[in-house]
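The first chain written gets the first letter, and so on, giving A, B and C; residue counts start at 1 in each chain.
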Amino acid sequence: MELRRYIGRRLVQIVVIFFVILTVLFLLFRLAPGDPVSRMVDPNLTPEDAALLIKEFGLDQPLWMQYLYYLKNFFTGHFGFSFHYGQPVVQIIGDRLPNTILLFTTSIILSALVGIFLGKIAAWHKGKKTDTCMTLGALVTHTIFLPWLALIMIWVFAYKLGWFPITGMISVEIWLDPKAGVWIKALDVLHHMTLPLATLFLIHFGSYLLIMRSSMLDTLKEDYILTGRAKGLPEKVIRDHHAAPNAALPVVTSVGLSLAFSINGGALTETVFTWPGIGRELVFAVSHNDYPLAQASFLLIAIVVLLSNLVVDILYAYLDPRIRY
Amino acid sequence: MALLVAENLSVGYQTQNGYLHAVEGVSFSLDAGKSLGFVGESGCGKTTLGMAVMRLMPSNGLIREGRILFDGEDLLKKTDEEMRQIRWQEISMIFQAAMNALNPVHRVIDQITEAIHTHTPSHNKDEAYEQVRVLFKFVGLPEDRMRDYPHQYSGGMKQRAIIAMALACKPKLIIADEPTTALDVIVQDQILEETKSLQREFGVSIIYISHDISVVADICHDIGVMYAGQLVEYGAREEVFDNPVHPYTKALLSSYPTLTGEKSKLMPIPGEAPNLINPPFGCRFSDRCTEARVSCRSNPPVWLEITPTHKVLCHQYGKHCGE
Amino acid sequence: MTVFNNDIGLSERFHWISRLLEGWSIYKKSFLGKIGLTLLAVFALMALCSSIPPLIDPMYQPMAGVDPEIFKATGPSTRHWLGTDFMGRDILSQLLTGARIAFMVGVSAAFMSVFLGTVIGMIAGYTGKFMDTFLMRLADMIMVMPALLVLLMLAALFGQLSIWFIVFFIALFRWPGVSRVIRAQTLSLKHRPFIEAARVAGASNLRIIFRHIMPNVLPLSFLYMTFQVTSAIIIEAALAFLGFGDPGTVSWGMMLQWVWKTGHMFKAPYWLLPPGICISLITLSFYMLGRAMDEVLDPRLRKEGETD
């Protein structure tokens, strides 16, 4: 099956890319100025503990041996101990990962769907007020500086109006309450997620709208659209059933291409809203020189981006019959 | 009564440089079960004519004058909704370069049943499928390919699928615009044969648009020769083909090789078609006409009857009708 | 059509000028283009004026100039038109300097990335085979990486990053996008008759690339430069916002970092709003510029009546 071979090939590519990243990171950590040992071993540890860690990570061995240790540790999940939290790094990032995935995936799906829907309408009403408003709106919103928008959102909706909490993902009281059911907890998370989600959504939906609009305008010139009109199909059917599915394909591609950019935005949003995700953890780790945590967070983010790329590619292949068959 | 009658039809496009007179003063009539061919070089307005009948003009298109009577009713007076119902159900179309006429993301069968469902919603899924099966058999497409996507078809298969689709709602009239131009000659021939048998079996009227007069003469009962937006000669196949009167028609015929008859030199027609934004006042062919006189350029030609079924738009043949 | 270069000389030189003028007349018609250009002119003016306040009074030094009478954030006044930050430094002079930094970062990074991207794209497209595959795989790998986060890691390892280091690395991350487009363009040009003719005439690959292909891809490069400027400015601003920018430069991102980290974001809108508005507006104006230029370069996008 064509599709399976295609997915297989992409998977191999991703694994290769990841290995390159892994290796480059390894080299950077060893070759950057400063003592590489202090990067893996907390300087505040006792000499005995430090010696143990050095043994475990093979930091006294030659470079190529260190690389092997490094790979082995990666695959067994030994990322060391966070200098700051004192816990195993893998535990920390394991905790954070679902939070990032929740926020990131929801925001992308929401902005893509809304962007496609509005872009379709804007193209259909090209030149009229609806279109001009939507295009200008998209243009303005997607050039706003993300962290700044986040700050404004907090200032207006959390501080001034008090509708939403200022920080965090959960209200501790609710989650500690033994009587609180799943629904209450879920609603609480949703409540906290609204502002960061709204910020990410506002920034991203504009570009999808513009791409869909331009793609739709191109699609409407195609012969099969004329055929649809000749067949006497109602206008809405032509727009939604014939034009939009074709026009949406480039938008899917663009989601994939902008994933790296989106995750930048994700990390910034998490930081400003204190959303406990891996993006924020990375920023935090870097500011506190918590090298093991920083390294592991970065690698995990890289995996997330690569896998998201794969998911988008598979989605595209599934949606376009020309690739599937 | 004639199925389709066009009276003094004028159609054009509003462009940046002005109004383009694509079709000017065209009149013709087509009986049920017969076929009419329009021949001419590219830009002569024959495609515009076809689109105008179905009222599929683009947003800058304008039907300025005339009437199009289908089954006695003027199509130009119909509302958009009425027109939508007429399209495909009564009149369907096979487009030029139909390679992209099928939507790549939907299965071929779904695109055909869609037309059926739109116009006869009473048909359930199975009935529609059965209809498609019959159509496929008729156009010579294998049944097991019905559920394929368009990109899996070859060019010839796509063309056949388009023809099947055009027949789906059993229309009274099909407008075929250069349906075989993009295909190789063998497939072209097959499709032409199928078109002829299509007419015999279904009794559908056909308007066949082509630049190739030999093809048109093969299939059509009547021929209309178009030049620069005007109909310059119109008559039964035998009359126009065997006894061409208009200098353009004569030139067209002599620019095609024939298998029989004397071996003569192929004569291309020198010069270019006139600009249709500011068309010449006199005869539009006069610049390239070998038999033109001074009066041809200064006076617009009028229709002259050669026989009751054969007429020509030219100054020169007054002697043929005794005036 | 002549292939021999010496014949073209003078007319080619004039042709270039007339094409520029023609492009300008088309550009002028674009509503977005005019607004974009106006906004950019305002920012350019700001950047130019950035050196004026310190000349008036050392109190207006963006980084070090502290008002001897003010020790906290204050609102707009006659002495400080936009108010002061938490240390008593004038916000307006910081804003003006930020404009200068934005242009510097944006244009340098864009120029570098476009230069790299164009050269690599042309080589990949024209040479083909192994070189092409290698370069494009490299481009793929780099495109997958989130630039901001990699810069964060570099900041972790190398300490405080200088502004030129940041500019250089931004360019290093952005060239793949440009190279893909240039490569596609090169591929379509590769088989055109005039290239074939040059090859037959014995021109070396290098000469063909730089003498014949480059002039034809250059307009596209310029177009992409405008998009590269915006992403460079945003990346630098985001980096500074997180606290990893060059500590010696005052950029708009840096200003936002200060207002955020010193807890003034709710209390000092006169401090919070201007830098963010500036970053957003300069991004918007470069984007508009890019769109208008797109219309100039791609005739199909122009708002003309469509003929059938």
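To be clear about the criterion, contacts are C-beta pairs under 8 Å (C-beta built on N, C-alpha and C of every residue); 3 or more make two chains touch, one makes a residue touch a chain.
Note that the structure is predicted; figures quoted are calculated from it, not measured.
Just count the C-beta contacts per chain pair and the biggest one is A-C. Seen from the C-alpha centroid of chain A, the farthest chain centroid is that of B.
Between chain A and chain C, the centres computed from C-alpha atoms are 25 Å apart. Centre-to-centre, using mean CA coordinates, chain B is 54 Å away from chain C. The touching residues of chain A, when paired with chain C in their complex, are 13, 17, 20-21, 25, 28-29, 32-34, 39, 139-140, 143-149, 151-152, 154-155, 159, 257, 259-261, 263-264, 267-268, 271-272, 279, 282-283, 285-287, 289, 291, 294-295, 298, 301-302, 305-306, 309.
Residue ranges of chain C in contact with chain A, taken from their complex: 140-141, 143-149, 152-159, 230, 234-235, 237-238, 241-244, 256, 260, 265-266, 272, 275-276, 279-280, 283-284, 287-288. Interface of chain B with chain A (complex): residues 54, 56, 83-89, 92-93, 95, 97-106, 114-115, 118-119, 148-149, 151-152, 165.
Contacts from chain A toward chain B in the complex involve residues 222-224, 226-234, 237, 242, 245-246, 319-322, 325.
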